[in-house]
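The structures considered in this document are given below.
What follows is chain A paired twice: with chain B in the first complex and chain C in the second.
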Partner chain A sequence: MTVKTSTVQLRRSEPRSGLGGLILGAIAALLILLWVGSNGYKQTLVMSAVTYALIALGMYVPYLMAGSLSMAYSAYAGIGGYAVGLISTKTGLPMVVAWIIGPIVAAVLAVVLGLVTSRLSGFFLAAVTLLFGMAFTAFLIDAESITGGSGGLGNLRPLNLLGWTPTPYQMMVISVIIVCLTAFLLDRMRLSPWGVIVRTMRDAPRAVEAAGVRVPVLNLVALAIGAAIAAVGGALFTYTAGSITPETFTLNVVFLAIFMPLIGGSGTPWGAVAGAVIAVELTLNFPALETSGTLLLALGVLIILLVAPHGVIGYADKLRTRLWASLRKEPHGG
Partner chain B sequence: MAEQEILLVGRGLTKRYGGVTALSNVDFELRAGEVLGLVGPNGAGKTTLVDLISGAQPATAGELMLRGTKLTGPASRRARAGLARTFQYPQLALELSVRDNLLLGRAARRHATPWQMVVRAFAGALRPHAPADDAAIQEIADELGITGLDRLAGDLTLGEQRLVEVGRALGQDPLVLLLDEPFAGSDARGVEGIAEVIRTVQRRGHGVILVDHNVDLVASLVDRIMLLDRGQVAFNGDPRECLASPEMQRVYFGSDIDDETGEGTGDAPQAEVQDVRS
Partner chain C sequence: MTDLQLWLSAVEMGCFFGMLALAYHLIYVGAGFFNFAIGPYAMMGGLCTSWLVITYDLGVWTAATISVIVTLILAIVTELGVVRPVQKRSGSGELPALVAVAAVLFAIQQLAGYVFGYPTLPGQSLATFGPVTIGDVTIQPSSVLMIVIAVVTFVVTAFWIRFTRTGRLLRAVGDSNHAAALLGLPVNRIRLIAFLVAGFIAALAGILFAPKAGVHSLSGLAWSLSGFLAMVVGGTGSVWAPLLGGMLLGLVEVFLPYYFGGQAHVYGMLVIALIFFAFKPQGLFVRTVRA
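And now, the complex of A and B:
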């Protein structure tokens, strides 16, 4: 046996449970809920962060795992939102049905859009899906008899779960739990054989194809899962807001969602969540610079990419590894 | 030797790119437990033939039969029918560990249909890790002499990357293993590991197609050798006969040999500029 160098020892096997992320995520979520308290404004901020987080988590699967940048996510979130609105205004069905229908419709649409754009990649894929997002907004405005036009759908019934109508605060807690669970399950998906195949598809699609997995089909599956997650985000936001308009989910959300994993760290889905929280804080809640929040965010992204190329979580992990290494060294050196 | 079952047959395999014929009317047979060597200078069509067999590129003409069944469609379908391959330029996920790269070969068969792809995604979220996979991966790694499974594939030497590719292909438990230049960049240990794999696959009664520049090395490992020259089969038969054949001399040294070129084989430079235009 050869003597292993210390760098090899540091690169330990990645734990496949994803529990570490869940514990840290749950602690952070608890701290945020404590910080919010009964403050209505802060509750709105959290709901925005939740929606952003779910859109960014949705994009995580096709974009960061499979490597195809689809920008139609404003449409997928919008479908989730309009499913809530339409179930409430056009049917007598329980509101919770929207939670199922929205993600399914979004997933089907993602597959159709994925089939149409299957020959595109990189910039052209991004451009075409971006156009689709814009066309979807135009459709929402024009199809007035269905979508209520530019005024959207308002006065929606509240969510009712088996006779229990959650208060806005409870709705927020449920949403935060959904975000944590989604990030946790996506993290485990990433580590599973399925995730390994999807991540290999990004760098070495020929190898995946040659091993027996049809790459274009797996790409569609990744897109569908991502779209469904984004639709859940759109639905949650609409349940809480009680209304939905074509302007609720715009392309701005998509651009922000692209940067969120970069800010938080693209190595794990939790990075998308951390990025969403930071993005909402900087764009919506930064006291001094109300209108220049987006500018501040862009600046923040630049700084983070220079200082911590693996995002905030990657940076924290590096610090922890260093600290751990120095703690272990002490007894030998002393 | 008793006649073994024919595993893989190629008939009239042809590949044209526009007016350029890369491969012209190639016939071959691979029997169970046989190792077929594929040699020839750069641009002779070796990798093109591997691509046509594996389905990485569609053939212009010709057909393939694997155990009597027509082999068609995309590479993934052919892989599930029993083909596995490595690449001339290793195709690994460089940001993933060696272990995860090896896992692909074994896990791929569980993701064959769209339905399986969906179900496995959610099953993976519930149960990301199967100990049976670990055991199988360890077995393959031991067989090939791969150590340090937690290293990132991007940190490996080229020789180690090739070894991992061979391990990934073995994980598919293929009927026919296509090795495209597995020895380039390998050290003696890597060569021995791959040679051992070839013997193991052979013993299981499966077939191997081995592509390499190093004619001597290939000849020492194979039962039969096929010499390609400008997309055509120049020789197909016993490896020792091939080394001594006039075709070999012509392909690697040009038709008129002078004494200076000696007996050396291997990566000899081509005598003339390729002109394969039809």
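And now, the complex of A and C:
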């Protein structure tokens, strides 16, 4: 009997549908879109935030849910970007194909890298995946006949969806919707039985393995999903920027992507999105702090790590649950 | 592989990586974790020295001393301000410490970029003598210093670890923080000493190596990875193991690009990392414990 009541309470305290997050996220996205208007500079800012958000969301799955810090995400985003670049410049295929092929290739590569590094964790995994990111950049520069070397690929074709070519503004709206949908779906996934297993695996891999779940397979799936999401981000960025070079997605981006969920809050995927918005605001849209924005961000991350391990949304969520509780009490009491 | 000049270059790289790996090794022995901020420490040593000499026209030795002090302060802040509180809060979990160290690495890079600017600065040589010629090999004074000081550092560290009280305490604390604390050993002080000595060695390595290819604020990450790899390849069994690991990486770093083109060493590093991490994560030298 006691068990039953406790589960009921647990359910009540945890949002079941993830709809609350979606509504809040959609409202924030709408406000941002209204703020941007037709300002070209602000549109590039939003596209940067979208890219960061998707890379951070991609990392969210293996890093915060499965607990393994893979840092090869510059490569995955780069694959998404180069898929767009290559399809556009070297083939006559419709551009949509790039959006499908890029994430698939990235996911396959993530699985291969995951298989090779399946015995590694922690510092060793971080080191290998960082080296992989470096080797990928080196490959992009070396394979000049395919990737255009250090000059990269430019002059990309516009997208053509059944005769409709989206304007940059429409493209931005689509990208923001993609981010919101991804965050929402990841939030749902986190609360689904699969997500619960993955999160349990992070904390007690042996128990999960003993319960009959194949932990290594689960890990690979998490890595593949993450890589595919990051590749979508890379593709969107490359498409709107109109070009890609080996320097487009550097290891700096990876570091920022690790920090974003911490800034926003690691409890929900929306934290990664909030962190991406804050990161772009600090690093790109702070004229007075042009060069020191990234430094501020880095120091801010250290302070958050030490003082507020649940990030901005963690605090907001605490407030919200308190508010909710007080609101719920009223009808019952009256 | 008969060009002696290349071998010399490889040895010099090896000494540099070896010193970085030694810094890793000391913190690993003393505090039981891998401090990825070692590379940025070395970058700070080299870049701060160059910047002080170029901007303020200071003497090399004064500049180097200031840089070493700055790096030591960074090392203390890393341990007292970040690693210790995070480890205390998260217990034995590795991930929070790793993320914290990544944040430190990133913050030091950004700090260096903000203060010293983003272009590559030429390294400043501490040596005052001219190039040494042996046969048909010309040794730059900076290379002589790098190799000699690396060897001296290793000898002194080996002696320190083996024969002094602090060295023995370091090993005792590293074997088990918990047991050492139960025995009443000054765990926190020993950890701090490990960070200080490692920071000093890293800064020294950075200052000595900077003349070879210059230094910029983003050099730190690559150096961190090279040092880590050198330490893993060497193993943690002996103080000399990092030097061996460093030498192996030095050979890779010099000869692969020579035979296979400019970027081959990056692939080489990845392959070595994959092979060693997968098949021999304990490294070449392992301390065997008699039962």
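Here is the rule we use: the second predicted complex is superposed on the first by the 303 of 334 C-alpha atoms of A that agree within 3 Å, B and C clash if a C-alpha of one lies under 4 Å from a C-alpha of the other, contacts with A are read in each partner's own complex, and residues count from 1 in each chain.
As a working rule, a contact is a pair of C-beta atoms (placed from the backbone, for glycine too) under 8 Å apart; a residue touches a chain by one contact, two chains touch by 3 or more.
Keep in mind that this is a model prediction, so the values were computed, not measured.
Enquirer: Give one word, clash or fit, describing how chain B and chain C relate on chain A after superposing.
Expert: With chain A as the common anchor, chain B and chain C both fit in the superposed model.
Enquirer: Using C-alpha centres only, what angle sits at chain A with arms pointing to chain B and chain C? Round to the nearest 10 degrees.
Expert: Between chain B and chain C, as viewed from chain A: 80 degrees.
Enquirer: Should A:Leu130 be classified as contacting the first partner (chain B), the second (chain C), both, or neither?
Expert: Only chain C; A:Leu130 stays clear of chain B.
Enquirer: Report for A:Leu306: first if it touches chain B alone, second if chain C alone, otherwise both or neither.
Expert: A:Leu306 contacts chain C only, not chain B.
Enquirer: Does chain B (first) or chain C (second) touch A:Gly37, or do both, or does neither?
Expert: A:Gly37 contacts neither chain B nor chain C.
Enquirer: If you stack the two complexes on chain A, which partner ends up touching A:Val196: first (chain B), second (chain C), both, or neither?
Expert: first
Enquirer: Nearest CA pair across chain B and chain C in the overlay: distance in Å?
Expert: Superposition on chain A places chain B and chain C at a least C-alpha distance of 10 Å.
Enquirer: Under the definition above, what is the set of chain A residues touching chain C in their complex?
Expert: For this pair, the touching residues of chain A are 67, 69, 116-117, 119-124, 126-128, 130-132, 134-135, 138-139, 141-142, 251, 255, 258-259, 262, 291-292, 294-295, 297-299, 301-302, 305-306, 309.
Enquirer: Along chain A, where are the residues that touch chain B in the complex?
Expert: That would be residues 4, 8, 11-14, 16-18, 185-186, 188-189, 191-197, 199-200, 202-204, 206-215, 217-218, 220-221, 224-225 of chain A.
Enquirer: Taking the complex as given, what residues does chain B use to touch chain A?
Expert: Listed in rising order, the residues of chain B that touch chain A are 54, 56, 74-77, 79-80, 84-85, 87, 91-97, 99-101, 103-105, 107-112, 114, 117-118, 120-130, 133, 148, 150-152, 165, 168, 172.
Enquirer: Could you pull out which chain C residues touch chain A in their complex?
Expert: Residues in contact with chain A: 33-34, 36, 81-82, 85-86, 89, 94-96, 98-100, 102-107, 110-111, 113-114, 221-222, 225, 228-229, 232, 261-263, 266-267, 269-270, 273-274, 277-278, 281.
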